[in-house]
């Protein structure tokens, strides 16, 4: 049965696999200090047009989130995020485990606004007992968000301006950054992202790599000793070359964006077919994840042919079902899925 | 200007001060292993009618909360509390600092219900991705609550039954336990409290002591090595005798309840005067804290004679003002305050 | 220049690479819940002859050490290890970062003895102020050790008997377990290891995998919620299949032991050549790491042809140089190295 | 039986008790923001001649140590101390609990030298794998030390110069600072202490207060948000006035030094009597703690009249016994003890 439930169901893009095969018996030093990593770091900096950035390759998303937050905050400081944010809902309490509070703000579209952040800060800043609060110091957002939406350039600029004014770090979780940058509706480039935050990462695991996230640190305050902090969180891969090889491959010839663009286009076809047949979506998603409202019967019927992800039982008895495409999704399976929609 | 803003504005009850004077030059061993502490522990166990309990004396509320939670949870476990709970709002992120997530549930009356806890557990337990969540393992409530309300015996029993059924610890923060037990409207005794939770503490700081909280551990799972865990959190007082002396005094002859009862009665007089003059309260409080809605002008006028606590600017422009009584509140000042109310 | 400086300089064993290629486009579920992981877990249990074991696949050594220790200890508990242990010297303070103290005991041969552990416990247990100490609760050893030595069956049995008697967990870091089990001088089997500790891991990163450590939990006390604790430490790989595929390959047909045995045999040839030419070793190593004392001139000369690892400047001005073989080491390079030794 | 086993066996100096009695019913604001604390902070700054210092009053030693260290270090940073240091031996793993490693260096006289610190830094700094180490960032010393010795001005200046050169914070635990400053052999003033470290505290608990430690922060890098960090460690006393009142009393008219000087003089009399009768001391102590080597029989005989502290069983079968004086020690008991010595 074909899987549309997630964007990490296959191995990796063929170009990466080829590179791993080709270099398998080459000897290198460990921990990301090899020439493959050097080259990949250089490619990332060039793609961001930020030669001043520090680039580090870590293995997975939760690990990357906790390492960046550990490197950025003093013990009493907190991170502002949405209630739907990955760090707030799917990381086993990792951020609290390293000692930091998440201040979760409500969202319906998966995004935080500059106004929300300013208001949260003001609430803190004007409280006579603010000394007895965890102090907001970082804003965490995801691009694209956990429910498929994405920030526009104007939204991101406004958010970053607010953060800078207040003195908060802006951190962008880019686990699915490729699907956002590759969206036909995106008005952001990688360079725009790099210029509108303090630290972000280019997600690999969900965008064609076996695993890997490329951390890009723009703000000097977050740079010192990042590797040691990663090490103490178990986030330095011994054969770091594997990360360098993968990012070195995907960051060439715009491959990262290209494969994600194709996936987003497939998601659009699926979305449009649902809309054309009168279905409703949970939120407007211009990226590779579509959240469709299905009746239990519709869900069951579709599930006989495809693996979907049941996100939530809705209060009215219907289901919130996630349908994901990825760099690996086959066009013929998309067509087959679309063909079923009118019959649901 | 007389203070009604808090219940810890004075030193301690005269009987305690006398005891400290009387014993000042007596030599004892340290860290709570002295005879005064032994006696006080015995008195607490007797008052609870729980000879099996472990009793420990710590210095302050935040310290006690974090020590109990540290002693109860494994690293991935979380504590359920209200969004208004002290641990969620006034402890600088102490619980997260020791690695645990707070699952804050909404409340309007300051209380958690058994239904809320059961629903939160079910949400966790039925989630296919529950392995990626912080695991609820403890429920934290306050008696009286942060906004002056209190649990009835039926409510507490229902909550504890639910906790036991699910396998959660129930922890009662009793920083203001005396004001609840001493409330004319209370249907709970200290023994009832001890029999309907896994761990709680008898608050001293806000109820007549210079400082001090008496932790009562009922559940054997929380008992091992509690003193070492307290020590590593900086919560073992070198001259532990000071805690034994204070609790040994206040736990005799029902003094703890008596002095708190008087304070609650004073609070009732104030409350009734406000209600009789058409003022509205934030919530119904049968304890020593009353939260009154005042216009800015009323607040200013009252503040010329008394120190109040401005808790919150309400959306309609009015103020949520806290008026506290305590074991130390003078009847003549209560009378003076009441006399002003009709003129506001 | 050929590298003898470490045992993780290449990619992975060809059989593993082939498996990754073959399955690359197969769709699976994530987080180690796929069929490849199921099969690999089964193989590990069979190899250990412990159907009751819990098996988990994590990515790297530091991550695995900190996850196991986090899952085993309460906050005030400490882990006993040697002063040379990996957790004490090369993990950036990871164990302290998650809140636990390392009690580092002196060693010259890299090993802990049952007597040392018993003595350390007694020191703790008989101290009148033991409540003010971090409490020893786990013993951490490495097999083979950080300096290449290994425990005999008698030593391991004695250590485990002592741990059980006292009530300590015994945890074996098996990052290089293959090289110990594959040593011609080993009197231990994988089954012996599993039967003489509470938890251990089968190291993959240094023994032929791209990455990966297979945790085997024998003691029921360490089993609950291990996956959530791993998740909160960022240690659950999204495409967990990659770990299942690798361990599923290497655990078949004794491949794991075979490739390590060959490496250890190569190390023996190198060792014997050094000894035959009058060189001295830091310690007796029956595994793939040999620590040779070289003069600076000898070190320089050898370094013109091979990459070695300079571990330490010795007090007498000489160097402690590590020479490692691995599953990937070429026989002709070993021969070339040996041929140089008489000329140093 | 009279106690010489510790310096915190009584309550507090009569002048302090009087102040507490006198102010008991005065109303003040909480958390150390009252006028008594303001005055005491001013007195401390004046005594140190450092108007730029930040002064905070905390309750106890372990709490103060962990709060200062938490406020000073990033997560991967470590603190250098002696193996005999209080944080290394008597605080239940508190420093590791908040995530930091202690690098314990050997000492026989209880002190660290500038050379030791420089050597430890060099070992770290020159290690090719230093990224995988916890990074030294603070040096912790005690004045007087845990075994009664004390730093001279020259030693302290050398240590601080080394710390500044390397970029380490110097932190002085002054739990017994009064006994050092009050020693007839001291060449240091409080001002000297303040000018030769980044942060220190004036110990109250062991020097005449019921409890309390006055933290003096000299280095601006440690100042921000100290109160919030203290709060999250449960170290902010609700009735902070109690600390202000005590330090406000003891810092006036040189009382702090005077009462400690008397105790040290008593200790000298005891020391001299032991030496005159041929006894040996563990280390030369110019402060209030004397560590005497006694045979078991001598120890037993003395213990029939006085409570001593048995620190350690020495390898030769003798005992290391601590004899402490304090601000509360009675001259007649000292005389009685001295009279017994020739008869042991």
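For clarity, chains are labelled A, B, C and D in written order, and residue numbers in each chain start from 1.
As a convention for this text, contacts are C-beta pairs under 8 Å (C-beta built on N, C-alpha and C of every residue); 3 or more make two chains touch, one makes a residue touch a chain.
Bear in mind the structure is a predicted one, so any value in this text is a computation, not a measurement.
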Contact-richer chain pair (by C-beta pairs counted) among A-C and B-C: A-C
Chain whose mean Cα position lies farthest from chain D: A
Separation of mean Cα positions, chain B and chain A [Å, integer]: 42
Interchain centroid distance [CA atoms averaged], chain A/chain C, Å: 34
Centre-of-Cα separation between chain C and chain B, whole angstrom: 50
Touching two or more other chains - residue numbers and ranges from chain A: 75-76, 91-93, 97-99, 131-134, 228-229, 231-232, 236
Residues of chain A touching chain B in the complex: 75-76, 78, 89-93, 95-101, 128-129, 131-134, 310
Residue ranges of chain B in contact with chain C within the complex: 31, 70-71, 74-76, 98-99, 131-135, 224-225, 227-229, 231-232, 236
Interface residues, chain C side, partner chain A - complex: 2-3, 5-6, 8-12, 14, 17, 20-21, 23-30, 59-67, 91-94, 97-98, 205-206, 210-211, 228-229, 231-239, 241-242, 307, 328
